[in-house]
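Structure incoming, see below.
Labels run A, B, C and D following the written order; every chain starts at residue 1.
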Amino acid sequence: MGNAALRKKIYIIIHGTDTPAGRRFDVVLLWMILLSTLTVCLESVPSYRQLFNVYFRALEMVFTAAFTLEYLLRIYSNPRPLKYMFSFFGIIDFLSVIPTYLAIFVPSLRYIMAIRILRLLRVFRILKLTSYVENAQIIRSALVASMQKITVFILTVCALVLVIGTVIYVVEGEENGFTSIPQSIYWAIVTITTVGYGDITPKTATGQVISSLVMLIGYAIIAVPTGIVTVELSKVKAAGTVPAGPPLTCNNCDREVDKTDNYCSNCGNPLVRMK
Amino acid sequence: MGNAALRKKIYIIIHGTDTPAGRRFDVVLLWMILLSTLTVCLESVPSYRQLFNVYFRALEMVFTAAFTLEYLLRIYSNPRPLKYMFSFFGIIDFLSVIPTYLAIFVPSLRYIMAIRILRLLRVFRILKLTSYVENAQIIRSALVASMQKITVFILTVCALVLVIGTVIYVVEGEENGFTSIPQSIYWAIVTITTVGYGDITPKTATGQVISSLVMLIGYAIIAVPTGIVTVELSKVKAAGTVPAGPPLTCNNCDREVDKTDNYCSNCGNPLVRMK
Amino acid sequence: MGNAALRKKIYIIIHGTDTPAGRRFDVVLLWMILLSTLTVCLESVPSYRQLFNVYFRALEMVFTAAFTLEYLLRIYSNPRPLKYMFSFFGIIDFLSVIPTYLAIFVPSLRYIMAIRILRLLRVFRILKLTSYVENAQIIRSALVASMQKITVFILTVCALVLVIGTVIYVVEGEENGFTSIPQSIYWAIVTITTVGYGDITPKTATGQVISSLVMLIGYAIIAVPTGIVTVELSKVKAAGTVPAGPPLTCNNCDREVDKTDNYCSNCGNPLVRMK
Amino acid sequence: MGNAALRKKIYIIIHGTDTPAGRRFDVVLLWMILLSTLTVCLESVPSYRQLFNVYFRALEMVFTAAFTLEYLLRIYSNPRPLKYMFSFFGIIDFLSVIPTYLAIFVPSLRYIMAIRILRLLRVFRILKLTSYVENAQIIRSALVASMQKITVFILTVCALVLVIGTVIYVVEGEENGFTSIPQSIYWAIVTITTVGYGDITPKTATGQVISSLVMLIGYAIIAVPTGIVTVELSKVKAAGTVPAGPPLTCNNCDREVDKTDNYCSNCGNPLVRMK
């Protein structure tokens, strides 16, 4: 088998879902991503780290080896390796493996290991090939259509919390936990979004009256983004399902491509899905 | 009265609502279920348990005896007892009575007694015969129709809280209560859903800025599921009330049945309601 | 002026808004209700009670005297005094004045004084004569139309919190603050409604996983009542504003009356508004 | 260049966006407002204040000098300086600079410095010239249309929290943190809006049952304002985008003006945008 043929074949297995090998590859990759994400999570638990440290390291080596191999194959098989390497998913792929290698030389960089959680985002590359996309597309188009109005809403809320935060800072003062204006703005956001941690709470009567107003405002204005998105969603629905399916995007560089294209116009990789 | 006739008569009383006896049976059963659930709740309160232990035990014995009798009659009268025993409600019925018997032999299994709370679910079998169903059906069909989109939403939220949890774990660290990534993900969920317990809160300025962003995200994206369900609900409404009433289901095994059926095609029990 | 004429005149002043005297009466009464409510609130603050006790008592005597006079005039002028006395607002009127008299004989019944807060509800009798009603009517009719579905929703949430509460009680146990099933149900409600006090929080890993699920459920299902009410509200709107204004109700006994009626068919009082 | 011509030119630069100078002026002003707001925030952090006090003072002097110059130019160039000075933005402009001068004479008035945060509101004067307005207008018109219904809702919630607050005050009492009726009303608002600080929480069983009811009420009635605003927003949308763009307002005094006007009918300033 020639070099080019091999590259083509690897490419089809990695990017395509039409061949059994391609489908099997996706399923295995999906599980490895989920398992390695779980491993990163559990490894961060102090008691588990002490008990199962050896197993975590072994698992981590297996995952890193597999992901490194995959990364190298992606570069090797890709017609435009550099484009891939600096694409969104290329960088994510790189960040998925590099922390483990760094940890060999600089063992104390524990926090850098947390970068590996970004591996999870690679799940969305696989999901791009499924029916998941169509519904995500409907939601996204409704959100995009309401983006401007949501921005107006967020800007207004931001101005609101800034002024409210300053007012409560003046009213309550540092002795009641409102130690600075940024801190008080944090409180205002906690309150207006109805999260309400309770780590900082008004102590004076005036502060409690102001809080009550802020809560009622936050309780009432949640209606605005909800209304906006509902109206946009009902529009998307009214227009039938999305015109002609979701826009097709290159598996490699995420650029939108045309149904009749054989190669991505941006990074030049063959568009396996279209076959 | 012959054996078969007796079984038939019991069956009609237990499953039907057309005879006065059947209706009375349902009302009595409904109250017994609610009362026994209340008993389980109150029994778990330490101070009540000490004071009224004798009464609780007496009540429990009465309820268990009644439910055991009912369970045995259901098996006896059912044309296909095994099917019933392994159906959803059959298992619930079994779990409703068995803990009390276990407790006689192993008196310390206090927590197993909590299983009896599942008795409450038997209420829904009785409700299946009422107008409750039609409205539940409308809501359920709207939820089913929006299931895929809600799944996309939940998946995105899950990916979001995983990444946010890891970021806050790195930023705040173990000394501020963010002791592990799972713990931090728990915090991220508490924050993005605007629950805001306040058991873990950001202490550093960077952490508070990230929290504020998470809260605003959570406050804004609640609009998405709300919009989805509202649009689906308005569709269900537009199409008139549900086509031809709720789908009929067998009282015994929960399988959907046809209006013209006389016996359930799955477990073979006579479909009393249809008469 | 004859007795009957006087009664009629008083009646028109108290219940009508067409005469200047009737309007003035309503405005004065509105302010007295709001002020006396404020007085009850401020009187409950310990520091204020110590400082201004004399003033509070004086104010209270003035308000009680005025409301007593009003109450007696309402009985006197009403064609069916007994009907009025046992109507909703009749009882509210009675409860508004009686605690002050009781306090003279039994001075320690401090909590009974709190009943006076019910005076506030009398505001709604005055509001019944304004444009406030029409909008309240639209909202109420939407709520009534969605009542059945909301009930289904609330029932499901109740069953959910009962089961969740029991599960968390078993998982976390008494040593983590989940001292009984009712207490755990309280926690489940606090969590699923996204209130999140944080007075009881899960400590174990399993408990935190369950909590996270409960929060996500609560965050998602808020969409259901919102969707229901939105759909109903949009229907009410689609049908034009409410058919022929809000249903007219008797000012005295709250019974719905016809536009062409001159006297309430229930309590027989003259329907001043209709003139 | 004559005096009048100079004033006219300054006026066009300050109020217009048609000339390059006018646009540059807006951009520079926008950044200065945001930066000075940030400075006010950071200055309030105790640790920063100690470290960078000199820089904060220097920055503050620069900003105040610039804003003072701008304020004087606005007065100078305005055809009706007094109208401007007592308009909304005129007062905001004045309050943006005066605290710094006051602080020279009375250095301890630290809290008065917080007034400078109002500078942020000047951002909205600049935003009035952008596409931001159209979307804000849609939202605002939906909110105005639903104002009456929202008022009914807020009034009902207020009555509700007053009664609930009093009930919980009686039930829980001062020994459980519910020290007065206003304090208990504050708790009721915290609970019904699902904020849930947790600074005051029910301790008795009865109190927890009442709380649970309040939470469920708050969880359900959020549907009302959301439904109202959604319906109004969908109406605005149905009627096409807003009739003929947002109403034009005078840059100077905020009064609504007609498209064909050349001067504001209220304060007489030339309407640069209309040219």
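Everything that follows uses one rule, which is that a contact is a pair of C-beta atoms (placed from the backbone, for glycine too) under 8 Å apart; a residue touches a chain by one contact, two chains touch by 3 or more.
As the structure is a prediction and not an experimental result, all values here were calculated from the model.
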Winner on C-beta contact pairs when B-D is weighed against A-B
A-B
Interface overlap for chain A and chain D, more than half of numbers shared or less than half: same or different?
different
For chain B and chain D, what's the span in angstrom between their mean Cα positions?
46
Whole-Å gap separating chain A and chain B, where each centre is the average of the chain's CA atoms:
33
Pull out every residue in chain B that's touching 2 or more other chains.
153, 182-183, 185, 194-198, 205, 222, 226, 228, 230, 234
Could you please specify the touching residues of chain D with respect to chain C in the complex?
148-149, 151-153, 155-156, 159, 162-163, 166, 169-170, 174, 179-183, 185, 191, 194-198, 201, 205, 208-209, 211-212, 215-216, 218-220, 222-224, 226-228, 230-231, 234-235
For the complex, give me every residue of chain C touching chain D.
37, 40-42, 44-46, 111, 114, 117-118, 120-121, 123-124, 127, 131-132, 135-136, 138-139, 142-143, 150, 153-154, 157, 182-183, 185-186, 189-190, 192-199, 218, 222, 225-226, 228-230, 232-234, 237
Looking at the complex, which residues from chain A come into contact with chain C?
194-198, 226, 230
